[in-house]
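Per-chain residue numbering starts at 1, and chain names A, B and C are given in the order in which the chains are listed.
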């Protein structure tokens, strides 16, 4: 199908980038055999997960130009669907995950419709509000375990429920999602919706006058972002084997997702990956190193925040924006 | 009776919310920027009161002017150090920027004071209560509410009755026209940030009297502030006042309604949820709020 | 030139953090060292508790690895693990910051990189859940000293043991106490008619811990014939508890029960005091109500408040070991032992006994021994019957205490009021401090 071919077609990227990414993929594929310790493996898994989140966010936040800070609620929907279905009715992952994605899509259309009457800061704040509302509901809703969360029953090694005793399996699992995500984003940015979004971002009025329904496009992008994130959420459920509203739906998560994408460079394919590549290891290693040094607590976030402010003031297109500016090109 | 009690508590809190939101709405009115770091300014105001009360042993109320000063300083530094540059960029940049500021200040607090919750233990008013008829009110809250009212009135007076205030308002209504009239808009921007800082710093100093103080407290109040400003109308001072009171009442009365209706689905666990929902509903269905689009 | 720059930028960005991995990997244990991983909340909102826990564990470690014959308990004489040729235990601390995911990651690291023999922790029941799931997956023994959610030992885990009694036990203590109040068993109080204390209202903080307790309270209230007129789950992070307090007061309860951490506990007392609330019984489920800061901040306002606790210095009257060890703790760290530090001490002590009985660090040997382990009451600083695990891994000999704050001549002391035969003072009833 044309779409599949499109997804694999990276030809409009300069050769350098293609080679670079190719090498990176080889590195990722070979990673578990490189003799890394378990913490390194866990960090890589987080990196891939957050890249996935970031790429999803990118559809609406980057290409769509609407910064949104409420992605965590969809992580929650993805995670909880898998968890609740498994705990209550023993439903395998491969049924519950798509269901979770569907629910995320449905919910995103539901609140997207009123949400996209807004723009700019109002919109951003509203997304925070909706995420907090959903989190509050989950904290008090007994069906999903309320504040106690849900513990997934341990089933040993099984592909049906996607649980493994060896982290390597989880690694390839998330890697598969990651690569699928990259391919999807590659297709997306060249698709009609992708171009429409870019046009809307540059000049919404002009786009409207050309017959583009700006609001619908944004809602669609928002829904896609939600689906991406829900998939990631479903992974978290089977990886951690315990979820509660505090850990999968909290505001900090939304912030981190947006941050990574913006830091790396929103509206570019590599941006979220770069952002995650910098922030995730930084967070985990710095966090575990600083944890022993109580006096330095908080310094890690101060560093990210300073970087963000700097980028906001001088190059809102993030690191990738800096790279491109240096090369005098745009993708 | 219980309802009346809730109402009164709500109004008291409402005055404080109004004061907190005042700064946000001023900044927005003058330069169309939403200061995500507003809650953190508040938080730092609280810490100022705390530190001063601990190190100098003074009553928290005495520290108010200093809290205001710290707030003003924060506002000015933020403006000249960051916001000025953000204005040149697209909206995304502005959002990102104040957002980064929020994170920076929050974790600066974590670094300086750790993440432990702190409380002011000694003070003229701490722990005392005032009894009016059948109502028992927390003395600190009453005094803070009154002081908020005073602060609000003073600021309103400055804005509506002084030359500087008029210049500020002119800038917020029409920037270009104001600059043609000889008003230095750059200075107005800085002034807006300074005023925003002072009010929220003082609010922080007041809050410190009866809330506990920790680095993340900014988030909660900033959401309340957003809801208040949205409800009142972005940029409207009168709006901030009435909306603040409304939100205060909403927060305290809503759970009581649940109690009266004998249902536990509506209860204190949703008291913030109702605020977020209020923001959402207002902003979507009546974006100008109660008094918006006018100054 | 440009190509090279780009390539190196990209690869560098990723490699940067990742290649730090091997350099932060574990160090192999010295021959005579047994590593135990300890995962506590050393930073974050519960850093104070984390410090307390760490102090308790480190004191036990010191007592075990060195000679303190005057303390009178076995591990004080061992100087390491006797059956393992005096090998000393080494504790490797990790900070979970209250996040279950982070706790799980740290557990994996401790198990696979540091190659610990076993785990201890984690205080937060939610973190204990994920950490113990990791331990269960990898077949590594874990001893839990302070998490009280009943669910933890109901999961059918084979590698998890808990020394502390759990919330069902503790809450049962409360209802037994209330029952005793109606029967005149409480020291210093004549039998109180049931109708006088029948109405119960509770406020529990809304995470794993609090909501579990809420369920148990509801269940036991039914069993013991009390009416729950109001049950509130609130967010411990909320800076204002006026609405919650109002809801409590509006329900006109005779007994107010709380499950709170330190800040919310303080805030509740302050707010309720300003509302002049007047329930007849006020009870807190340990945690916030037990931490020294509670008493220090509120002073006389806590007079008459009951708290579930596991350890009070007054226990010394019943447990000799407790007195000497508490004195040592106080000398070193400046405060008395609390339920948290005390139980951390016992957890490590249990590890020592288990290792000694097993005579090896082999997980299977440890597992076998843990099932049959018995530590007699005299060894423990806790007023328990001892340590003996049932099939689910729960210590069945643990008991709780109920203490009451009493202000006497300028100082506020915590007296024991339950179990009835251990009472150290007359109970103050009814509660009138806020009127």
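Convention: contacts are C-beta pairs under 8 Å (C-beta built on N, C-alpha and C of every residue); 3 or more make two chains touch, one makes a residue touch a chain.
Just so we're clear, the structure is a prediction, and the values are computed from it rather than from any experiment.
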Of B-C and A-B, pair with higher C-beta contact tally:
A-B
Quick one: point me to the chain whose Cα centre is farthest from that of chain A.
C
Chain A to chain C: how many Å between their CA centres?
37
Chain A and chain B: spacing of chain centres that average the CA atoms, whole Å:
32
Centre-of-Cα separation between chain C and chain B, whole angstrom
38
Among the residues of chain A, which ones contact at least 2 other chains?
139-140, 294, 297
Residue numbers in chain B touching 2 or more other chains?
114-115, 269, 272
Contacts with 2+ other chains: residues of chain C
43, 47, 206, 233, 235
Within the complex, chain A is touched by chain C residues 2-3, 6-7, 9-11, 13-14, 16-18, 20-22, 24-26, 42-43, 47, 94-95, 97, 99-102, 104-106, 108-109, 111-113, 126, 129-130, 133, 136-138, 149, 151, 155, 206-208, 210-212, 233, 235
Where on chain A is chain C touching in the complex?
15-17, 19-20, 23-24, 27, 35-40, 42-44, 47, 139-140, 146-149, 151, 154, 165, 167, 236, 240-242, 244, 246-247, 270, 274, 277-278, 280-282, 284-285, 287-289, 291-292, 294, 297, 319, 323, 327
Touching chain B in the complex: which residues of chain A?
65, 67, 114-115, 117-118, 120-122, 124-126, 128-130, 132-133, 136-137, 139-140, 251, 255, 262, 266, 294, 296-302, 304-309, 311-314, 316
Touching residues of chain C toward chain B in the complex: what are they?
43-45, 47-48, 206, 230-235, 237-240, 242-244, 246-247, 250-251, 262-263, 266-267, 270-271, 273-276, 297, 301
What does chain B use to touch chain A in their complex?
33-34, 82, 85-86, 89-97, 99-104, 106-111, 114-115, 215, 219, 223, 226-227, 230, 269-270, 272-273, 276-277, 279-280, 283-285, 287
